[in-house]
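Input: structures, listed below.
What follows is a pair of complexes built around subunit A, which joins subunit B in one and subunit C in the other.
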Partner chain A sequence: MTSPKTNAGLISKSFAVFAKDIRLELRSRYALNAILMFGITTLAVVSFSLGQSNLPPHLMAALFWVVMFFSAVAGLAQVFIREEETGTILALKLAAAAEPVYLGKLLFNFFLLTVMVTVITPLFFIFTDAQVVGIAAFSAVLILGVIGLCSATTLVAAIIAKASVKGALFAVLSFPILVPLLLTLVQATQKLFDNGAFDAVMTEMQFLLAYAVVMTTGSILLFKYVWQE
Partner chain B sequence: MYKLIVKNLSKRFGYRKVFSDINFELSIGESIAIIGPNGSGKSTLILTLLGQYRPSKGKVLYLNNNQQELSEENFRSSCALVSPYLQLYSQLTAEENLQFFATLRGLTITGKRIDELLNRVGLEGRGHDLVGEYSSGMTQRLKYALALMSNPDILFLDEPTSNLDDDGKQVVFDIVKEFRTNSIVIIATNERDEYDLAQNQCRLN
Partner chain C sequence: MTGVIIFSYSTPPPQKIIGEASRIFYFHIPQAWICVIAFTMSMIYSIRYLKTRNIVFDDRAYEAARLGFLFCILATITGSIFAKITWGSFWNWDPRETSIFILLLIYGAYFALRGAIEVEEKRAALASVYAIFAFITVPFLIFVLPRIVPSLHPADSVVDSNLKFTMGATVRMIFFTSLAVFTAIFFWIFNLARRLHHINRLMLESED
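Now for the complex of A and B:
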């Protein structure tokens, strides 16, 4: 007797990959612990160094995204490295096409970064006394920043998974792709720390949206070639 | 009826030749044993047939009833592999592994079906255990449950009885005997009792 076939589409297969990764993460807390520990440690060091001094908005914004970026780098690459190191990648390749695997991993990285941002952002405000008036605009910048970071780094994570010097390679390959994103995020955040609202960051928001769309689409199209090699 | 055609297949890693000019054809109901000493390229040949390595020369063709090449999607749903290097998720239970791979393969799998599969390979009552807590023999049995799940038209077995006890070996022999009448079975092995299960042989040096 065989199991009946269904028309399980891209969404249900992608969700299966995402749900599997969430389940594995909740049982091991491998990436989540790395991200949160890195983020909180960096934040604590920054906070102790600053003491009572108030930094100007542009430095505060840069500090915020430096903490976010390095915390994210600590965990985002794990999605494919773990499959490669545990040898499960062959079973995955034999069972699934490239697209559902990429989308599942992208969703998982989005989940990781959302948890990271939710934990670290309030702590950043508490430790540094930074203030933001346009909370809605700030949230929108954060969401677009998270999507941009995920879409750019998930593909790089797949590329470096087979390499021997994974950590260094991840940073080197991610850097040129992420520079325009990080510069725009810092610029938008600086304006928001400087009491700006939605109107002040409209140009940056448009760029961030375009970056997220282009990176996600490009990654989906390119991932097939990375997956087949 | 599916057909597998292997034409002048060769594989090199850099300057090292692994195998060269392999030729054979198999239809449903036919089987082949790939035999040869350690390091002769049996596993590499299996992975090349599965599309995981690009051939250095030659072709591997899978044809459907209309003599047209199978699409990637159809090929994935038609084949299954059992081998020591195929790893399952150790931090998922056996049931969760089966459920996950069923969804990826576009299959609906019920709890009853999972129990049937686990019973068939002698893992009854162990579906809720983490695969990481299984012995190597139990993990090998679970790989057979995974292969049986999709009732494959092409079954690849690399060292099919590795880590198995006598009961486990009997389960494997029964599965091979069942599948070799309705599927294409490809066995890579050094064991005489295993390669005797196949009708044809391909010897690598």
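Now for the complex of A and C:
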């Protein structure tokens, strides 16, 4: 178990892992490119097929999160696969304990998805006729959604990095876990596309927060068993 | 089991409006019940594996999941037939249909993960972590699904809101016997599978 001394450095160590991943990512931009290209492509397909037709809010909301989910899946698994492929995982195991590694990777995935959301969301509004009145509430739902996505998928990414067929397995393993999150996100977004404000999505936001907290806690508890393998 | 089958067809149908088809509920509910038990058992054995690193617990978690998957499929099929007759279509995305669908997905993902890892200890640990992680999401499903679509499943088929039994004496007797028999069969097969695993391990050890 961790001694008090390592606990004190948990945050700084997590940030060290995070900073290292950012530096690597900025050199290759592999995960970011994958996510953004995937997002823009799916968005373009959606926009082409929609044309000028005006979809009801619930279809809009579903399309929005379908684009987000698949773009996220395209890049999120990279954090651990990269370590496995380049063989740096042993060095990382020597350098840091399980918790800072997990938190660093979680932060990095959060960073990836934040970039994705800030790029794709405006494009979505440009390409389609969707409109939101409560921009603050919409941003809050987006942020909570991003946190929820990272909290549930980072552990799955760690699991599949050890398996033999990585890419396909990631979507298969993540989807059942993400169903409650995605359903709630679609519901909240639908209300917001339908001119709702903060009050309309209060329960959904509480749910999203609870989901993120529970999944992160569960991941932190379980991650060390994955990391030891 | 034979008794349950005979009595479930020889007594009057349990529900007058639905008629003959309602006999399926003697089998459908116990199967769904086994699904939940097996999934929970699989999670408990996964936790015990991670704590003790004893491969026997992983075998048990795997067997519980396999049997659970089987009963899950049975419950889905019987439920789907029942749904066609009573609600008019095989699939309606009723909350319980959705949750059993997600349960099937989780089981499927669990087996896909196990199939993708060669080394036994690694497979055991990673599959255990996934089983536990997937189990954590179940409370969220229970909370979120009924809010999206109203349930077609009757809430009062076994007990009503005052926790009194709603079934007649005969129906109740057959139903609970069926429940007990299904549970007994599940544990019997589970035990056989567990012993088979044990013998296989002993044989492997003696070969080494």
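Note that in this section the second predicted complex is superposed on the first by the 221 of 229 C-alpha atoms of A that agree within 3 Å, B and C clash if a C-alpha of one lies under 4 Å from a C-alpha of the other, contacts with A are read in each partner's own complex, and residues count from 1 in each chain.
Methods note: a contact is a pair of C-beta atoms (placed from the backbone, for glycine too) under 8 Å apart; a residue touches a chain by one contact, two chains touch by 3 or more.
The shown structure was predicted, so the numbers you read here are calculated from the model rather than taken from an experiment.
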Touching partner for A:L169 - first (subunit B), second (subunit C), both, neither: second
Subunit B versus subunit C as contact partner of A:G39, first or second or both or neither: neither
First, second, both or neither for A:G148, with subunit B first and subunit C second: neither
First, second, both or neither for A:T88, with subunit B first and subunit C second: first
Partner chain(s) touched by A:S28 [first = subunit B, second = subunit C, both, neither]: first
Touched partner set for A:V179, first subunit B, second subunit C, both or neither: second
Touching partner for A:G196 - first (subunit B), second (subunit C), both, neither: neither
Contact footprint of subunit A on subunit C as seen in their complex: 50, 102, 105-106, 108-109, 112-113, 116-118, 121-122, 125-126, 128-130, 132-134, 136-137, 140-141, 143-145, 147-148
Subunit A-facing residues of subunit B, complex: 50, 52, 72-73, 76-77, 79-81, 85-92, 96, 100-109, 113, 116, 149-151
Residue ranges of subunit A in contact with subunit B within the complex: 1-8, 12-13, 16-17, 20, 23-24, 27-28, 86-88, 90-97, 100
Touching residues (chain side subunit A, partner subunit C) in the complex: 152, 155-156, 159-160, 162-165, 169, 172-173, 175-177, 179-181, 183-184, 187, 207, 210-211, 214-215, 218-219, 222, 225-226, 228-229
